[in-house]
């Protein structure tokens, strides 16, 4: 089974699209392993961004063929687990997928989530939602800021991982990591402001104090972008959770391992368990179960093909889910653009509550 | 000296009051002398009334007499309407100076006011709602809605900070029969203010005032094609929703049909707003202003015969005051006047259609069968027409159909609770989330409970209040998108 | 002697009670219903004069009007005349042979700011003069200071002083500030033995309103539920038009029901309402709009 990549044909991105990071071809075998053969994703035309915080070469920790450091030390093998309910877990079915580098070598395995993993993740997200939403906006902001800090703190390893797993150049990797940190930082600041900016006091004709304010929708399923494995993820997760939603993220892209790296960052950023749940696997496999899940309130999707998007819309109507499709940028530059961060990206995942309070003695 | 009140309070059953005819109100029917309407309507497309085919009758539910015949638009007629809307969008409305758009919408508001009496009478004739409601609630709100959004048309860039806004294109709008003209206003005013053009379909049981609105569009000299109104039932609605040149779909109606529409537009990037059903919880705490709360219960469930998506159809009353509240509610129900919608003293009018009446009967029977205790007011019902007695079910459990399903009629289900937490759990234990009422004298409690209820509109110490400046819409299966207020603009704008 | 404690009573929401009261004004009262309402309003009327300049002559004329409001057509007499204590005797004599009762304001009307023994003595003397009904005022100062037991005791003592006369307790709602206070004052007055509760003296600018009266109705209704006793209500002050009168009647009919649609349990205190009611009656009869020139001032 081959998942074909979908390109959004927008005029601005068209000319760059052939040379950008895109969804990998996942050649799934009948067994428990699929191989990922990414197309060449080198993009060396742009000069490397100034790496202000880089003190050593980003390749220090790069795995070589047998998992040895440059100095020849055999590294301890890392298992990329999924992050559900604050715990790092394997799939209940024990299936994995393989991630291959540009040369076709197996880099690592990652988990192929099952529908029961999805079910568990939704249940974790549901339990976490009210407590997360009832934390103070300031506190949620602090946690998101902390996540931005932690992305910066793990900058070098993330850059390395993007190079190894997503075949980015060092410069591109640095650009994506830095943009990811900045994006998290930008959205973090909105937690205690978006309500102020978007709420209204409504001058009704009767004697009531009437106001409208946004509240989180609830549990949001996120179909992660098929490119920009770190920045794309941050760009979707942050606007969803900052208002108090919790999410279940389904990741299928050229380097799902970056999603797990991000999980490890979020796990050390004071996020309560279950606020963000990250599953790696195959979109087509999990999509009908997520879109039809009656305890998911909204779906954010990016980078799906027409059939997938349509399938989401059809299944979503069972519980009148809110569905929002994010246009997927096709270049790293486009992903990094400030146009990709917007106050209005928060809105598809909030509900407006209008309250009438009597004014009288 | 001691207080006799306290001593006797618990030793004596509540006495009852007598609401008889010692002094009766004489009939006071609104005169229909000066209302004018045609016997046969087609559609309003591109600024003109056009002939149609496959006519159906709209009847007066209070008399079961035919009011007029209305055509059913097929795909080709809907296509003509959409094309007219597209042409008007591209050629006129989309590029008109916003200040001029504002003045056209303002004209509609003023014309509604000038024709208010006739519109109110027609609304009551066609839909069965009491004239005092169409006169004092529906039509004034219709006018106010147009006037409110007229002012937005040339101020859109102030509405969404940091964003650029633009119109979307052609909006296809399908509206229900419970507030025929008001729902048309809720759909048209923001769509037009945002610079879109419209194809609107009124409900097949209440198309009359939409045709009058079309006349007012002509009087207002609204450019041809900006507002198109096609008549018909579900098939016509489907044709609008599915039309490839419709950019935006707005629907108010049942959750069942809402889901069909959501499915129908799958695979497209049409924007969608849905304002669907509800099973609103009206929560009475023991510290509530009880007499006003009883009035709010009445307002919540018997307003517009209970044909209100946000009706307070689930009464949650704290056990410590349940007996008193129910007693007072029953007494209050006896003074409700059920009957001729055109009589100025009618409180509860006619059920909108035989189909709806049948549905109410069916659900009420299920309540009886499931063991809930029924109480109905002893009022006299007219011999003709579709009427239903104000009804209250007590001893209702959360698991009963009448506690879960939207009845859309003058039928209230009463449940009790012991703590605020239990009230909240029961209130939120529903796939719907449109509205709720909270009754308490304690301000902090009102805010706290309002915050925790998963519903789009929460009324504190009131119920069924509407205002053009106040956004309205649901959570969960009650739909998405807002109508009214600044937030009601968003569904009709591209916000970047 | 046990100290009175105010029982638990429901609070009142201002917005909702005002909107409910406003709804009564939209009732359409036509033809026969209007005629019946107007005649009922006359039968429920306490025709009032409470001026420093009142004289025997003035009261005499008012009593004539009370007994025969309209010349040339059958017309019920009013329920009572309401005068100052010193004029009770005049009124009583003037009304001999009629059903019209004599009510008198007593207890240092309108402020109530005098010594209790003096106020009680005023009641006794007024009753001795022949008053059928005593309209007393509560000490609003004491009430607002939270001295509910004192209000209770004073009303109870006044009731005792009334002997056979009926006691109407004026709450002076315009000075109470909130509907909650109106509800409380109503409760205390009823608990202490009031036969009627009355809104106003007519001497402060905010007199009877529909929502204030509605709150009193609701208090009366609850008291009836709890004790089985029917207490009367008298809105007074500011009721000048026939339309206002039938709006009150609509509210009686739909809140307390038929039992209260009687002068025994509902009165309208007014000085200038009567002629407007008569003009409306005449208009119903003749079809012509009326002029005040054709209706005797008193």
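By letter and in written order, the chains are A, B and C; residue numbering begins at 1 in each of them.
Just so we're on the same page, contacts are C-beta pairs under 8 Å (C-beta built on N, C-alpha and C of every residue); 3 or more make two chains touch, one makes a residue touch a chain.
Not measured: the values here are computed from a predicted model.
When every chain is represented by the mean of its C-alpha atoms, the one lying closest to the mean of all protein C-alpha atoms is B. For the pairs A-C and B-C, the count of C-beta pairs in contact is higher at B-C. In terms of their C-alpha centroids, the spacing between chain A and chain B amounts to 40 Å. With each centre defined as the average position of its C-alpha atoms, the distance from chain A to chain C rounds to 73 Å.
Averaging Cα coordinates per chain places chain B and chain C 42 Å apart.
Touching two or more other chains at once are residues 13, 15-16, 19 of chain C.
Counting only residues that touch two or more partner chains, chain A has 206, 208, 358.
Multi-chain contact residues of chain B (touching two or more other chains) are listed as 461-462. Partner chain A is touched in their complex by these residues of chain C: 13-16, 19, 177-178. Residues 206-208, 358-361 of chain A are the ones touching chain C in the complex. The residues of chain B lying in touch with chain A in their complex are 144, 160-163, 255, 258-260, 262-263, 265-267, 269, 274, 276, 431, 433, 443, 446-447, 450, 454-462, 465, 467, 469-473, 475-480, 482, 485-487, 490, 495-496.
Considering their complex, residues 197, 200, 202-206, 208, 210, 212, 217, 297, 306, 309-310, 313-314, 316-320, 322, 325, 342-344, 347, 351-358 of chain A touch chain B.
By the touch criterion given at the top, residues 1-2, 4-5, 7, 10-13, 15-17, 19-20, 26-34, 36-37, 40, 152-153, 156, 187, 190-191, 218, 221, 223-228, 249, 253-259, 261 of chain C touch chain B in their complex.
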